[in-house]
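We call the chains A, B, C and D, going by the order they appear; numbering starts again at 1 in every chain.
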Amino acid sequence: MASMFFWIMVLAFGAGTLTALVLGRGALARWSVASLAILGGGAGLGLGAQVILTGTAFSITFPDLLPLAGGLALRLDGLGAFFLVLIGLGAIPSALYGATYTAEYEEGGASMRMMGAMFSLFLATMALVTMADNVLTFLLMWEGMSLTSYYLVTTESSREDTVSAGNWYIAMTHVGLALLLGAFLLLMGGDTAGSFAALRAQADTLSSTVRSAIFLLAFLGFGSKAGIMPLHVWLPRAHPAAPSHVSALMSGVMIKLGIYGLLRFVLDLLGGGPVWWGGLILGIGAVSALLGVLYALMEHDLKRLLAYHSVENIGIILLGIGAGLMFQSYGMMALAALGIIGGLYHTLNHATFKSLLFLGAGAVLHATHTRNMEEMGGLIKKMPWTALFFLIGSAAISAIPPLNGFASEWMVFQSLLGGFKIPVPEVSVVMPIAVGMLALTSGLAAACFVKAFGITFLALPRSEEAEQAHQVSRSMRTGMGALALACVAFGLGPTLIVPRLGQILAGFPGFGGAAHTTFALQTTLVSPAAFGQVSPLFVGIGLVVILALVPLVLHVFRVNFSLRKGETWGCGRVSQTARMEYTATSFAEPLRRVFAEIYRPTRELTVDTHEESRYFIHRMQFRSEIIPWFEKRLYQPLLRFLNFVACQVRRLQAGSAHLYLAYVAVVMILLLLIARWY
Amino acid sequence: MDETLFAPLTTLGASLVLLFGVVLLWRRSLNAYIQAFKWQSVILSGVFFLVGYFGHDPELYGVGVALLGLKVFFIPHLLGRLRKRVGADHEITPYVNIATSLLIGGMLVLLAYVLMRPVVTVSTLPTRGALPLALGLVFIGLFVLITRKKAITQVVGFLVMENGIALLAVLGTYGIPLIIEMGVFLDLLMGILVMQVFIYQIQDTFESIDVDRLTHLKH
Amino acid sequence: MNAYLLELAQALISLAVAPLLVGFIGWLKARLQGRRGAPPWQPYFVLRKLFSKEVIVSEHASWLFRFAPYVVFGSGVAVTLLIPLFCVPLPFDAMGDLLMVVYLMLLGTFFLALAGLDPGTAFGGMGASREMTVAAIAEPTIALAIFSLALRAGSTNLGQIVVNTLADPTVALNAGHLLAFVALFVVTLAETGRIPIDNPSTHLELTMIHEAMILEHSGRHLALIEWASGLKLLIFFSLLANLFVPWGVATTLSPVYLLIALPIWIGKLGLLAVVVAVLETRLAKLRLFRVPELLSMSFVLALLAVISSFLLR
Amino acid sequence: MLFLLLLLPSLLAALLALVVRPYRPAVGWSNAVLSLAAFGAALGVAGHAIAGEILVWGPGDLFRADSLSALLMVCVSAVAAMTLFLSPGLGRSAAFTDRQLRRYHLFINLFIFSMLLAVSVNNIGIMWIAIEATTVFSAMVIPLTLSKASVEASWKYILICSVGIALAFVGTVLGYFDFVALSGRAENALNWPVLLNFAPHLHPEVMRIAFIFLLIGYGTKAGLAPMHTWLPDAHSESPATLSALMSGVLLAVAMYALLRWKMVVDATLGDGFTDTLLLTLGLLTLFIAAFSLVRASNYKRMLAYSSVEHTGLICIGLALGPIGTFAAMYHIVNHAAAKSMMFFLSGRILHRFHSTELGAVRGLLKVMPATAILFAAGMLALVGLPPFGLFMSEFALVRAGFVTGHPWLMALLLVLLAVAFVALLRHLNSMLHGTPTAEIATGEDHRWGLVPMLMSVAVLLVLGFYLPASFQSLLDGIAALVTH
């Protein structure tokens, strides 16, 4: 059964690649790529679900391929299966959506062959990353995934900014790969085959310094893919540039594989570590969450905004995982399980609502041809379904119950609160600070999504394009609808899913029973030792009941139900135009003032006065820009330094043959002297 | 002749060879360079004969004759014709002036002595004393290549380096195997011919054979 | 079964009391300012009037504008079902803990702010923007402040906090509690739109927050929103009263206890109403951009409260 | 006999080019076909080497082919065959005069001959002669069309390489000297196996000095920094086909010579002397190449710097013991396939855009889609991305570094590789995208000329997933050579 799923998945993705290459453009090509991707995604989903449900790993090895280091070895255990399910869940709606969404690119002159083939390969490599069972297989699939997604990002390669975004992306991802290579090779020690089983055995024999070095390399390497601060710089560049169904997959699924890798290393290969590992993850998670949302607030490019929210949510996931790892190092397995399961569940939830939001943003982009929120507005009337779905996504990401964002954030909160049980006060004090940052983050996220939804979909259209927006195709709506449904389902039914996550975790050393017993199947989510419990399902039912009852009761009491359409009341203004509306920038202005210390916006005011008198102003111009500190303090100096070195090195090649010969002579004499007294 | 004369004679020969190398540092006229090389090669072939005689290796006579033909007659002739055709006379402004050049030349020979010490000590040959001089000559040839601007001077510098190596080979090993020696000559011949072609081309395209003008390709 | 009925009764009583609470503060304020003022039951008249009027909706607004008042009201009702009023622990207590409560309130704010943006007026946008700014800092403060209690009481479920505190009163007496109380009180003022953060009795001032946002609502929609905001006031007062001073809350379902607990609860609410009324007469409204500073301060206080709970345990 | 079959075709081809005047396309074609014979012979030799046989042939054991030689023979003859099929003068293009074509075909075949000779002779003195000859012959091809730049490049090339190679001869003489000093004169002393067997008795202090000269000498030819300076000039000004040969295999041949000597010197010294030197120079090379790439402004020079980078990598690999040598040899093969293809493609690009400036090439994907895709694939291969072979060999190389206990050096190496990666991809993207100037015609011509490139890509792809058993045993054979 499992191997049937596996082969269907692999062959479907393979066939998708070939189909795209052969058919090229046209509806047939798009639909066949999409349906094969759906088939493959479904098979992946089936495979993952089967492994999770039966608890038996699926493995398959091709020793002839990659003979350099152990062959192409694949093994899907619970952890990998969870992420494979994630891939399936992301792939199906995205592919469905993409079937018609990509039609527009055909006219744009982008290579449909490339796009279809890379899309299929992207899914395939992601799926195989979760299955990789030795170092080389992992690295190959990992880099394959990066490369294919890079090509998807640069689909609209005729645009200058797309190319530059692609450059950032591939550079960051390559740096990540280098770090991972280091981590893996350190872990391999003298072993050359690098099977994960051997690495597990090897890990215990390493010194704690080496283990920590491996952890740091892996954390930074996977973190660059996941988008932790300050390695996230590629996200707000690449996500907007990519076609939206790809952004959905990248943000919803691909960056999660960074989380997968981190867990694979820390939980599985290294088998846990000192408390500061978890602490570091927690700290970086908290910073990513808060700064992610803060920068998102200041964006008025819809997709960039969503990209920054991915940084935020990765931060939240890492808060859970970090806390879990800290508990693990103190042997508090129930709390550890809670934290990690919370992180995993948020991973799943983020995959649904962020994919949904990106697909929604894509629909808006499709309809208005702009990503600038300042040119949108009023779309709720033009595209009601998209608006509804986007609203559900916005509420879910703002952790509003009974949607899924709430359920997982609740678990993360609960695990952080459990921190007071840590015996060392110096360590446990980290937790409440993290709680505070997480609380602030979710408050700000809500503000941000009021802005995102309100400015985009509500009020009057702010531009001609927005006025002419149109409903998107049925396949796009279906894709979004499926994800919206998932947001609701995962929000109401965490108690069905969380025990499965516990099962996954139970496979790792130390968790065992703790993970199982903490989350038995019931209607309420209960944190360990009943520190807190909620039942999103009942609250959801309750809300529906109340919402139904209120009008009913009002009817009973014979309330006036007449309704009249009138002009907007505006203090006696004559007419209402779009220019009077609040803009995205003005919406965020109060928060920008509050957090001015962090944003440090540049201000530039130019006043042109009339020639006759300086009291008469001809024109005023105000520019204010927020350059994130990490770009100013980290990346710009780094790039400047590299450029400086490059300029110095360039001077070596000055053009004079005499100089060149002098190099030869000098090096020769130097080495001769060294050799003479070696 | 007496075997005991072998060592002093070879040292004398090597010194003379080196001396003609030093002439390159001292003179400015291209003609003088070519002449110095010519006479250096004469002495060098003498050293070959000497080693052939004392080392009882008749092969070396043959090599000596070939060397005479190639380096004393053919190449100087070629270079002389080249010099006339391109109309270059003097090395006007070397990168390092004459006095400093001589000083550096001396230091290079000293350096060669320092570096060759382990080599000299392991050898039992009577000729071993002159080995550092040969390496010194290689260094001096390299120095000429680095500091002199005319293409022809550079060729001469290269040839002097070659002579240094030949000297090293004959003194250190009583001559490398004949087949290799012949191959080296063949390479040298072809190399010089190719260099000659290029010098004409430099003259044609740059209207000068000052190599310091060849700095368009950089970075 | 009784417990569920009691739960329902609590909610209904809250709904009934909420307008009175608003009216009482208004009346007391007027008195303190030397005016006669409207009677405390004035809000009931207002609600009846609004319910009988027709609704006028802007032609630019969408379905969301009409849907939002119900969500706001519904979330308020849902919260009253989850928090301890005068009897603990009731069955719904296990359905939602303090996070659920905080985020349910966020649900109302979320929709209210969206409805503010919907008609496209500058006022609505302004109000929504400010409301969300306040909420973004206030909501986490609520969570943190109650966390500090939860940690000492050993549960995040509010009813359980009350039960545990009653069982072991020593946990309620420490510095962290005071910090948390101050923080939650400031947030109460902010969330319910009271001076010095907002002025509930004014319209069309450039510094207003809540009132600007609901400017477009009318008729039954406005009635629901007004009722919900009264309910919110009641919720916050109940939280302040029952979490920090849990004495008087019935812990068994016997009618005697309940009959004692109900007046005590209403008395506590009244006391807080007096405090708020006094404050509103004594303080001037803050400049709008000073508001976040106040909120940040309360956030920091709440954070300190949590930290001290962590360390002093 | 195989040796004759290997070496004679190129000599014959040169002869053909010499005697047939004026030049006729038939000459080019027959030369190309002849090169296939050499390739076949190389494969035959490799077959013997895989079977564990060491072929020795000729008077005084003049020729000898172990796995190392066989690998290089296959690389050289394969790239040579591709080069000859893509050489100018096979079609009816009027870009070159008959004289130029005749000269080209004469010298490029001699060049190929001398490279093949270098890797097939037993005597490392003759190997030196052959490598010296490569300089002379290839220098004659560089200024195919006379221009200031090409003359300048060829002068620098011949000058610097001649000097370098002369220094290598000093090293060779010193090695021979030490042999002679210990055991008297012997005609076959420079035969590699003889020297290797005798190496443990040689004097360490002499061999150290000798190795420095050899390192500088062959390093100059291989493009090790800071002796690499001739390389960007020569590669950017040569005809694309010559650049392909020089970059793809000539550098490897020089590394081959260095490796031969390294084995001898290691047998004498036994310690990490050569490894330390190679690591240091390798990293220096990598550093200079990576940062030179950042500001490169000319795509052929860019490719040349990339060759320098890969030379550095190979050099580092050689210093990392048997598994490092394994990786380095694997890398040589991959690099030969990728880099030769890139230079061929650069020739096509130059032909269309009439400029080697990076700034002049825009919108390559629109102008020449097939070329652009192949160029992109080659570049991705060169920067070490999967699914191409260089990913595997670089992985093997870094793994060797970790296994032999150099994690810090490998960290530095990875950083430098990342710099090179970013630089190359930025340049690649600037070439592929953007809007070409209006006068540039679009569409591909000489489509058949892309066939060899497709074959290169296929080789790279196969090597990216799969290591054929025969190839692996060849590499293992080489690794066994360096294991004492």
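FYI, a contact is a pair of C-beta atoms (placed from the backbone, for glycine too) under 8 Å apart; a residue touches a chain by one contact, two chains touch by 3 or more.
Because the structure is a prediction, the values reported are computed rather than measured.
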Chain pair with the greatest number of C-beta contact pairs = A-C
Distance between the centres, which are taken as Cα means, of subunit D and subunit B, whole angstrom | 31
Starting from the mean Cα coordinates of subunit A and subunit C, work out the distance between those two points in Å.
-> 35
For the pair subunit B and subunit C, the C-alpha centroid-to-centroid distance in angstrom is 100
With chain centres defined as C-alpha means, what is the inter-centre distance between subunit A and subunit D in Å?
-> 44
Mark out which residues of subunit B touch at least two other chains, giving numbers and ranges.
-> 115, 118, 142, 145, 211, 214-217, 219
Each of the following residues of subunit D touches two or more other chains, namely 155-156, 159, 163, 167, 205, 209, 232, 292, 295
Please list all residues of subunit A that touch 2 or more other chains.
-> 650, 653, 657, 661, 664, 672, 676
All chain pairs that touch each other | A-B, A-C, A-D, B-D
Residue ranges of subunit D touching subunit A (in the complex, touch as defined) = 155-156, 159-160, 163-164, 167, 205, 208-209, 211-213, 215-216, 220, 226-227, 229-230, 232, 273, 277, 287-288, 291-292, 294-295, 323, 365, 380, 385-387, 391-392, 395-396, 398-399, 401-403, 407, 410-411, 414-415, 417-419, 421-422, 425-426, 429-430, 432-435, 465-467, 472
Subunit A residues within the subunit B interface of the complex | 650, 653-658, 661-662, 664-665, 669, 672-673, 676
Listed in rising order, subunit B residues that touch subunit A in their complex are 95, 111, 114-115, 117-118, 142-143, 145-147, 149, 211-212, 214-219
Of subunit A, residues touching subunit C in the complex = 377-378, 380-381, 387, 391, 395, 398-401, 406, 409-410, 413-414, 417, 419-420, 425, 428-429, 431-433, 435-436, 439-440, 442-444, 446-447, 449-451, 453-455, 457-460, 524, 527, 530-536, 538-539, 542-543, 546-547, 550-551, 554, 557, 559-571, 576, 578, 580-582, 586-591, 593-594
In their shared complex, subunit B is touched by residues of subunit D numbered 123, 125-126, 128-129, 132-133, 135-136, 139-140, 143, 146-149, 151-156, 158-159, 162-163, 166-167, 169-170, 173-174, 176-178, 180-181, 185, 187, 189-190, 203, 205-206, 209, 232-233, 236-237, 292, 295-297, 301
